[in-house]
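You will see chain A twice below: alongside chain B first, and alongside chain C after that.
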Partner chain A sequence: MKFKILTSTLIAASVLTLSVNSAFAETPEEKGLAISEQIKIRDDGWVDMLASMKMVLRNKQGQESIREIRMKVLEVADDGDKSLSIFDRPRDVKGTAFLSFSHTQGADDQWLYLPALKRVKRIASRNKSGPFMGSEFSFEDLASFEIAKYTYKYIEDQACDLGQCFVVEQYPTDKNSGYTKRVVWVDKAEYRMIKTDFYDRKNSLLKTLTSLDYQQYKGKFWRASTMKMVNHQSKKSTDLQWVDYRFGNGLTESDFNKNTLKRAR
Partner chain B sequence: MRERIYNFALNRPWLVLLLAIVLVFGTAYGAKNLVFKGDYKVFFSEENPQLTDFEAMQEIYSKSDNAVFILEPKNGDIFTPENLTAIHWLTTEAWQVPYSTRVDSISNFQHTIAEEDDLIVEDLVLAPGTLTAADMPRIKQIATSDPLLLNKIISKTGHVSIVNVTLQLPGLDPITEIPEVASKVRAIQAAFEQQYPNFNVQLTGMVMMNTAFSETSLSDSATLVPAMFGIVLLTMILLLRSFSGTFATLIVIIFSIAGTMGAVGWFGFYLTGPSVSAPTMIMTLAVADCIHILTSYYYEMRHGKAKKEALQESLRVNFKPILLTSVTTAIGFMSMNFSDSPPFRDLGNMVAIGVMLAFVFSITVFPALLMILPVKPGKATADNHGMMEKFAEFVIAKRKLLLPVTAVIIIAIAAFLPQNKLDDNFVEYFDTTVDFRKATDFMEANLSGLSLIEVSVDSQTSSGINDPKFLKAVGDFSEWMRALPDTDHVSTISDVLKRLNKNMHGDDQAYYRLPEERELSAQYLLLYEMSLPYGLDLNNQLNVDKSSTRIIGTFKNLSSSEQIAIETNMYQWFADNAPEYKIDIASPTLMFAHIGQRNINSMLIGTTAALILISILLAVALKSVRYGVISLLPNLIPASLGFGLWYFIDGQVGLALSVVAGMTLGIVVDDTVHFLTKYKHARDKYGKSSEEAVRYAFSSVGRALWITTLVLVAGFMVLAQSTFKLNGDMGLLTAITISVALIVDFIFLPPLLMMLDARKEKKQQKANNINNPIVDDSNLAFAKGNAK
Partner chain C sequence: MKKIAWIAIGAGLLSQPLAANELFFEATAKVSTEVSLFSQQGQFNNQDYRSNLSVALEPEFFWEWNDASDNLTFKPFFRVDQRDSKRSHADIRELSWVHLADDWELRTGVRKVFWGVTEYQNLVDVINQSDTVEGLSKGEKLGQPMLNLSLVRDWGIVDLFLLPGFREQTYVGDDGRFRSGLVVDKDSTSYQSSKGSKHVDVAARWSHSVDVYDIGLHWYKGTNRAPQYQVISKEGKDVLKANYQQMEQVGIDAQATIENWLLKSEVIYQDNPSDNYFASQLGFEYTYYGIQESSADLGILMEYGYDQRGKKANALLQNDIGIGARLALNDTQSSSLLIGMIHDLDFHSNSFSFEADRRIGENWKATIRARVFSADNKDDLVSNFAKDDYVKVIFDRYF
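== the complex of A and B ==
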C-alpha cells in the first residue's frame, strides 16, 4: 500500500508539472490523459468497499422491474477490481452470487454460484460488452475505471451541474469493448465523472449515464448515490440506487475466491 | 346554366385557358408536399385489431425490424475456412448498418460448452485467421444441430446461411430512415461481393420489403405512366385520326392529373404503393369524356356544321351523360372509403377527384382548346360506321339465341366466383422479377420463410415464467408448433433452459430437459442473462417482470387461410392444454392474413352502398324506375364475371382485388348509361320499337363505347404490367371487368331490353286491342318492317 501511495504522489507530482507546462505545449491527447490520471489519483487507495444497490429496470413504457444486490469490492492496483455480488431480489434468485475479477485487457474472470444447483460455475466469456443482469449497464460500464483501458482526448470546458467540467473523449483499447468512444464530463473541482455518453460500434449515441448525489466518504472518495443509464436507441433505462457505502472493512484477496462465493450470503 | 359554362369557353377560349393554367399550376404546386411512405404498416388503419395487437406486443417485447443477407457459397458448403472468414467479415461489417442493434450469424453465435465446472461461452468462429479444414466438422456439427440456428441462420446441409441485422428504427422519419438502412446494406453487399466473389448474396427482411414497396412504385411511375401516355396517344391518333383532338385530350389529362396530385398534396395525403397508380387511372378515365365529345363533334362537322356550332351541339348532347358518368365513376371510386386499408381509401379519393376535375376540364379547357386549334374532322371515323349497324342487326336477329346462351355463360362463369381463395401474402405483393421477392423465395426454398407468428404466453404473476408448470406448457406448445408441417423454426425460452440444464450438468444429454424447480429455472435465466452478448437481452423473449414469454414461429410463406388456421389452432391448443394462461398472437404476417377478409367485408358494404346510390342516380337521370332496375343487371354482371374468370387466371383474391368490384362499378355503369340513354331517347322521343331503339343506340354510341373501352382496357392493362403485383392484379382484373362490361352491354343487354319491352309492348297492344284494334295492326306492320 505504501508503494501505491508513493506512486500516486509521483504521478500527481508529474501531472502537476505537466499542467504547469500545459499553457505552452500540451496536446488535447495529453490533457485528456492528464485529467483522467487525476480522476484515478483522486480515487486511489480506498482499498475495499461494501455497498448495497437497488437496480430499477424500465422499459419504453416505464414498466419496472427491481433487483437488489449487495456488493463487496476490493481495489486492485494496475488492473481491474475484484468484486463479489450477492443477489437478494427477485426472491427466486436469492443467494445467487457472482464473483468477478475484471481486467484492463482481455477477458474478465467470472464465477457464478447457483444455490439451487449448489455449485460454483466458472464462466469463461469475452462478454465484457454484454448487459449486466439484463440492465442497460454492461459489464464494462460497471467495472472500475483504469487508465490503460482507454486513450484520451480533451475536447473543451463546459458548464455542468456541478460547476465547470472538462469534456474528455475516451477511446477503448480493448477490441471486445462495445463502444467506439465515451464522452465524459468531469467536474473541475473534484474530478467526478458526472455524465458519460456512450457511442456504439457505428459511432451513434447509444446511452447516457448520469451520476447524481455525490457523497464524500472518508474525506476523500466521492461516490454517486444514483446512477441513471438511458438507452437512446431502445428507450429503456436502468437506475442504480446505492446505499450503505462502507470503506475500510479489512477485506483481503481471500474474501474473493470460489470458496467465499459459496458461503456468501 | 350549363350552356353558359361552355359558351363562355367557346367565346373566350384564351381567357379560359389562361385561367385554367393559373389554377392548375397553383394547385399542382401542392404536389411538393407529397412523399412516399414505404412502411408496410401504411396498409393498416389505426383501428385495425391485428395492428393494435401487434403494436401491443411490440410494447412488451423488443421490436423485430431486420435486414437479412442471404449467403450462398458457390462451392455449396458454408463450412470451409475461406467461407467462414467471409461470413466473419460480413458480420463485423454489418454492425455499421444505421440503427442496427444486433447482428447474428453463425460466426458470432454464442456457443456454450461445459468442461467440468467451467462454462465456456464464445463465438463459434472466434479467430477466422486460425481456422483450418480440421475445425470444420466440429463447427458444422454445432451449427447445424443448435435449435437457435438450424433453419433460421443455417440450412441443414450447410449450403446456405444468413447474416441477420436487427434494427431499432427510431420511426421519426421513415422516409429517410429506411432508405438510409437499405443503401448501407447494399453498399456492404457490394463490398462483400467484390471481396468474396465466391458467394451469391441476396437481401431480404422487413426493411428490404419496405424498400421494395417504394422502389417498385417509383419504377412503376417511371415506366408505366409514360407507357400509358404513349398508348393513349397512339390509340387516339389511330382511331380519331386527329392531331389537335389528341393534343387537346392530352392537355385535359395532364391538367386533371396535375390538379389532383396538387390538391391531395395540399390536403396532406402521402403516397403509397396502391395510390401511386392514381395518375394512370385518372389518365385512362379522363380520356373517355374527351372521346365522347370529340365523336359527336366530328359527327356534327361531317354533317356540315361550323366548328363552333358543332362544338356547341356536341357539348349540349354530351353534357348530361358525361356529368352522370363522371359522378357515377367518382361514386364507384369513393366506395373505396369503406376499405379497411388507408392506401386504398386514398386511391379512391384521388381518382374521384381526378375524374371530377377531368369532367370540369372536358367542358371548359377542352372546347376552348378545340376552338383555338385548327381542326379537321378525321375521315376514318365514317368508314367503320357500318360496322356498328351490322353488329346491331346481328344482335337483333339472334336475340332469341343470344339471351339464353349469354345468360347460361354468365351464370356458369360467375359460379366460380366463390372458388377464389382468399390470400394476402406480402411477399407475393411483388412479382418474381423484384429482387426482394427473388431473395425471399430463395430463402424460403433453402432456409425459412418470412412468415412469422408471435405468441405471447402470460402467466399473469410476476416471475411466473419460472413456474415449472408454466415452462412445461411453453415447452409442450413449442414442440407442438415445431411438429407442424409448415414450421421452419421455433424460437422459445424452453430451448434455452433445456440447453442450460444440460450445460450445467457437464453437457450430459440426459439433462436436456426443463428444470423441475422454480429457483433453478430462475437462476439459470440469471446465468443466461449474464452471458448474453452485446445487443441481446432477454426482453426479446420475456417481458420486464418475467410474467410472460414470447415464442416466435417462422413458417413457410403460407396463404392467409392457412395462417389463420394455424392461429386458430394455437388458441385451441392453449384452450385444451393450458387454459389458465393469457394468450396473445400477433405479427405482420397475421395482419396481412386478416386484412383481405376484413377488407372484403367492409368493401361489400361500400360496393352495395355505391350500387344503390348509382342505381338511384340512373333512375333519376333516365326518369324511369324501370330502367334503373334493369340497369342493375349489366352493372352487376361484369364484376361477378370478372371474379369468376379470375379463378381461372390466378384464383387468389386479397386486399387489392377486394376493391375492384366497387371501383369498376362506377366505370361499367358508364356503358350502361350511354346505351340506355340513347335507347330510351329513341323509345320516348321518337316512339320507336325496342328493336329500332337498339339499332339507334348502337349506331349513335356503339362506336364511342368500344373506343373508350379499348382505351380503358389498354390503360388498366398497362397498370397490369406493374411489378408491384398488388397494383398489377388490380389493373388486370379491372381490365377484364371492363371488357366483360362492354360485351354484356353489346350482346346481353339489348336482347334483354327487347324481350322485356316486347312483353310490355304486348301488354299495351292487348290493352290497345280492346280500344283500337286498327292501330295495333299498323304497329305490328311497322315492327315487322323494321325487323327485316
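== the complex of A and C ==
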C-alpha cells in the first residue's frame, strides 16, 4: 500500500510539474502526454457504470444489421477497468457474455461465455485488432483508455465542433495494436475526445470515429450518446448509440467473475 | 432424492414474496430443422435409407425476482425424427432455481454443467449424461438433477454438487444411424449399486484463473456415466446390456493463453471395479489473426487423446491424434468454418469432419456439418459408422 501511495504522490507531483512547466518550453511529446493525462484525470472516480448500446452496422450498400449489448463496468484503481458485456441481439448470440479485465500494462484477460454449450472460453487478447461482433469497432477501440497504452505528441490547436481543440497524436505501445497511430481531437474546455482518426499498419488513414451528443453525468463525467465509426477503406460504417448510462450502482469486484459471466442475462 | 429437489424448488418459490412489479419474465425459443443425407445405406438392419428429416424445439422460460437475487429457468427439449422413433424424444434440459448472494450461489434443480477446455473430447466433463441420439459431434447432454453450492473466493470458485437421480444414456433405436450392430436393450440395464439409478453421486470442483492460466480440479464419486456393455440373448435375439458401475475420479483441466497460443490439457485418473486408469487429452490451438490483411482469423489445432486401457477402452479416442483448422471470418454474419481429422494410431482408422455456420438475417442461422469415416478394423468402435458418412444441413430459427 505504501508503494501505491508513493506512486500516486509521484504522479500528482509530476502532474504539478507538468502544469508548471507548460509556462516554459514544453516539448510536443510532453504537451501531448499532459493533455492525455488531463483526459484521464477529469474522468477519474466514476466508480462503476451501467449502460446499454445499440450498434447499427452498415455495409457498402447501406444494408443494416443490429447488435444490442448491455454493459457493466467497474473502475479499478491503479489498473484497467473490469467489464461484463451481455449480448441481446442478434438472437442467435443472445445470452452470450464477454468478461474483460483490462490492464494498464501487458495483455488483458478476456473470457467469452457461450450459453448453448454452457462453456466459458478464455480468449487470446492478442486478438485486439480484430473486429468486435463484425462491426467497424475493434476490441481495442472499445477498451478503456489508459495512459501507458500510448506515447504522445501534441500537433496543434484547431477549431472544432465544441470550440477549440488540441490535436494530439497517440502511438500505441503494444505491438499487437492494429494501428500505427491515432490522431485525437480533444476539446480544450472539457477534455472530451470528439474525433479520432485511425491509421493502419501501413500508416494510411483507415477509420474515423466521431463522438456526438456529449452529456454530463454526476456533474463530472462526460459521455457521448452517439459514436460514428466510418471505415474509409471498406466504406462500411458502424453507429454506436448509448442509452441508460447509470453511475454509482454499487458494483464490486464480486460482480465480475466466471460465475457472474455464466449467469449474465 | 428427486423429491427433495422438487420440494426445495417449491419452498424457495413460496418463501419469496412475488411482488408483481418485481417479477421479470422472458420467453425465447429455438426451432432447428435438420436434413441429413447419407452417402449410402447403413451396414445394419433397418438402416436402409439415405436421407432423414428431423425437427427440434427448444423453448426457454425465465423468471427473475427478489431484486434479481432469485431466478427460475425452464428449458424443455423436443425432437421429432422421421426415421428413428428413439430419436424422437423429449427432455428437460433445465428446470432450476438459482439463489444468488454476494459470494455464493445455490443452484437447485435439473441443470447442465460443462467442464473442459479441449476440442475433440472432454474427459473431465462428468456431471451430465450424454444425449447420444443427438449426434456424435455436438456433445449434447441430458439435464441432471442437482444441488450445487458455488462459493466465490479470492483463491477461486468452489462448486459442491449433490446429484440425486442418475440418468441412463440415450440410444438410437433399430432404425437409427450411428449405432453398433446390436441395439442396447433398455429393459436389461443393470447397476453395480444396490440403489440402482437412485444412487446419490457427489462431486466437487475448484477453478481459478491466475495470470494466463485457467485451471480446474475436480473429484467425482458415484455412478459412471459411461456404461460397460455385454451381449445377451433376449427373446432369441442378441442385444446389448448396459451395466453402470460405481467409480471415483479426479481430474485436472488447464489452459494457458499465451500470445497466439492456447495450450490445453485435460487429465483424469479413474478408479472403477474393472480398471484403474489414466486418460488425457492434450493439445494446442495456434491462431493467425487478420490473415491476408483481412479481418479473418485462422486457427490451427492439434490434440492427442490417450487412454491407459488401450484398445479395450470404451472410448473413441484412446490413442488418437486430432488435427484441425478453424476459420472465423469475423464478418457481419459471423461466418465460421471448422475442418478436422482424427487418426486412430491403434486401429489406423480415420474420420474427417467439416462444419460451417453463418447467420442469415437477424433470426436465422444455417449450419452445414459433414463427416466421413474410414475404418476397417472391426475392433475399432468407429467401424460401426463405416457406412454412415453424411452431410447435414441445419436451419435454426430463433424466437
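Here is the rule we use: the second predicted complex is superposed on the first by the 240 of 265 C-alpha atoms of A that agree within 3 Å, B and C clash if a C-alpha of one lies under 4 Å from a C-alpha of the other, contacts with A are read in each partner's own complex, and residues count from 1 in each chain.
Operating definition for what follows: contacts are C-beta pairs under 8 Å (C-beta built on N, C-alpha and C of every residue); 3 or more make two chains touch, one makes a residue touch a chain.
Being a predicted model, the structure only gives us computed values, none of them experimental.
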Original post:
Quick one: chain B and chain C on chain A, clash or fit?
Top reply: clash
Original post:
Which partner, once the models are overlaid, touches more of chain A's residues, chain C or chain B?
Top reply: B
Original post:
Touching A:R89, do we find chain B (first), chain C (second), both, or neither?
Top reply: second
Original post:
Counting only touches as set out at the top, which of chain B and chain C does A:D109 meet: first, second, both, neither?
Top reply: second
**OP:** Report for A:K118: first if it touches chain B alone, second if chain C alone, otherwise both or neither.
**Re:** second
Original post:
If you stack the two complexes on chain A, which partner ends up touching A:S204: first (chain B), second (chain C), both, or neither?
Top reply: first
Original post:
Counting only touches as set out at the top, which of chain B and chain C does A:G134 meet: first, second, both, neither?
Top reply: both
Original post:
A:Q233 contacts which: chain B (first), chain C (second), both, neither?
Top reply: first
Original post:
Is A:N257 in contact with chain B, with chain C, with both, or with neither (first, second, both, neither)?
Top reply: second
Original post:
Between chain B (first) and chain C (second), which, if any, makes contact with A:Q61: first, second, both or neither?
Top reply: first
**OP:** Could you say whether A:P28 touches chain B, chain C, both of them, or neither, answering first, second, both or neither?
**Re:** neither
Original post:
Considering 117-125, 189-197, 405-413 or 549-557, which region of chain B has C-alpha atoms that clash with chain C after the structures are aligned on chain A?
Top reply: 117-125
Original post:
Do chain B and chain C touch any of the same residues on chain A, and if so, which?
Top reply: 57, 59, 65, 90-93, 117, 119, 122-127, 129-131, 133-134, 178
Subject >> Residue ranges of chain C touching chain A (in the complex, touch as defined) >> reply: 28, 62, 64, 71, 98, 100, 102-103, 105, 112-114, 116, 139, 150, 152, 157, 207, 209, 212, 214, 255, 257, 259-262, 287, 289-290, 295, 297, 330-334, 359, 362-365, 396, 398-399
**OP:** Could you pull out which chain A residues touch chain C in their complex?
**Re:** 57, 59, 65-66, 89-94, 107, 109, 111, 117-119, 122-127, 129-131, 133-134, 178, 254, 257-259, 263, 265
**OP:** Report the residues of chain B in contact with chain A in the complex, numbered from low to high.
**Re:** 59-60, 62, 95-101, 110, 117-123, 168, 170, 462-463, 466, 504, 517-524, 526-527, 529-534, 536-539, 543-546
Subject >> Residue ranges of chain A in contact with chain B within the complex >> reply: 57-61, 63-65, 87, 90-93, 96, 98, 110, 112, 114-117, 119-127, 129-134, 138, 178, 201-202, 204, 233-234, 236
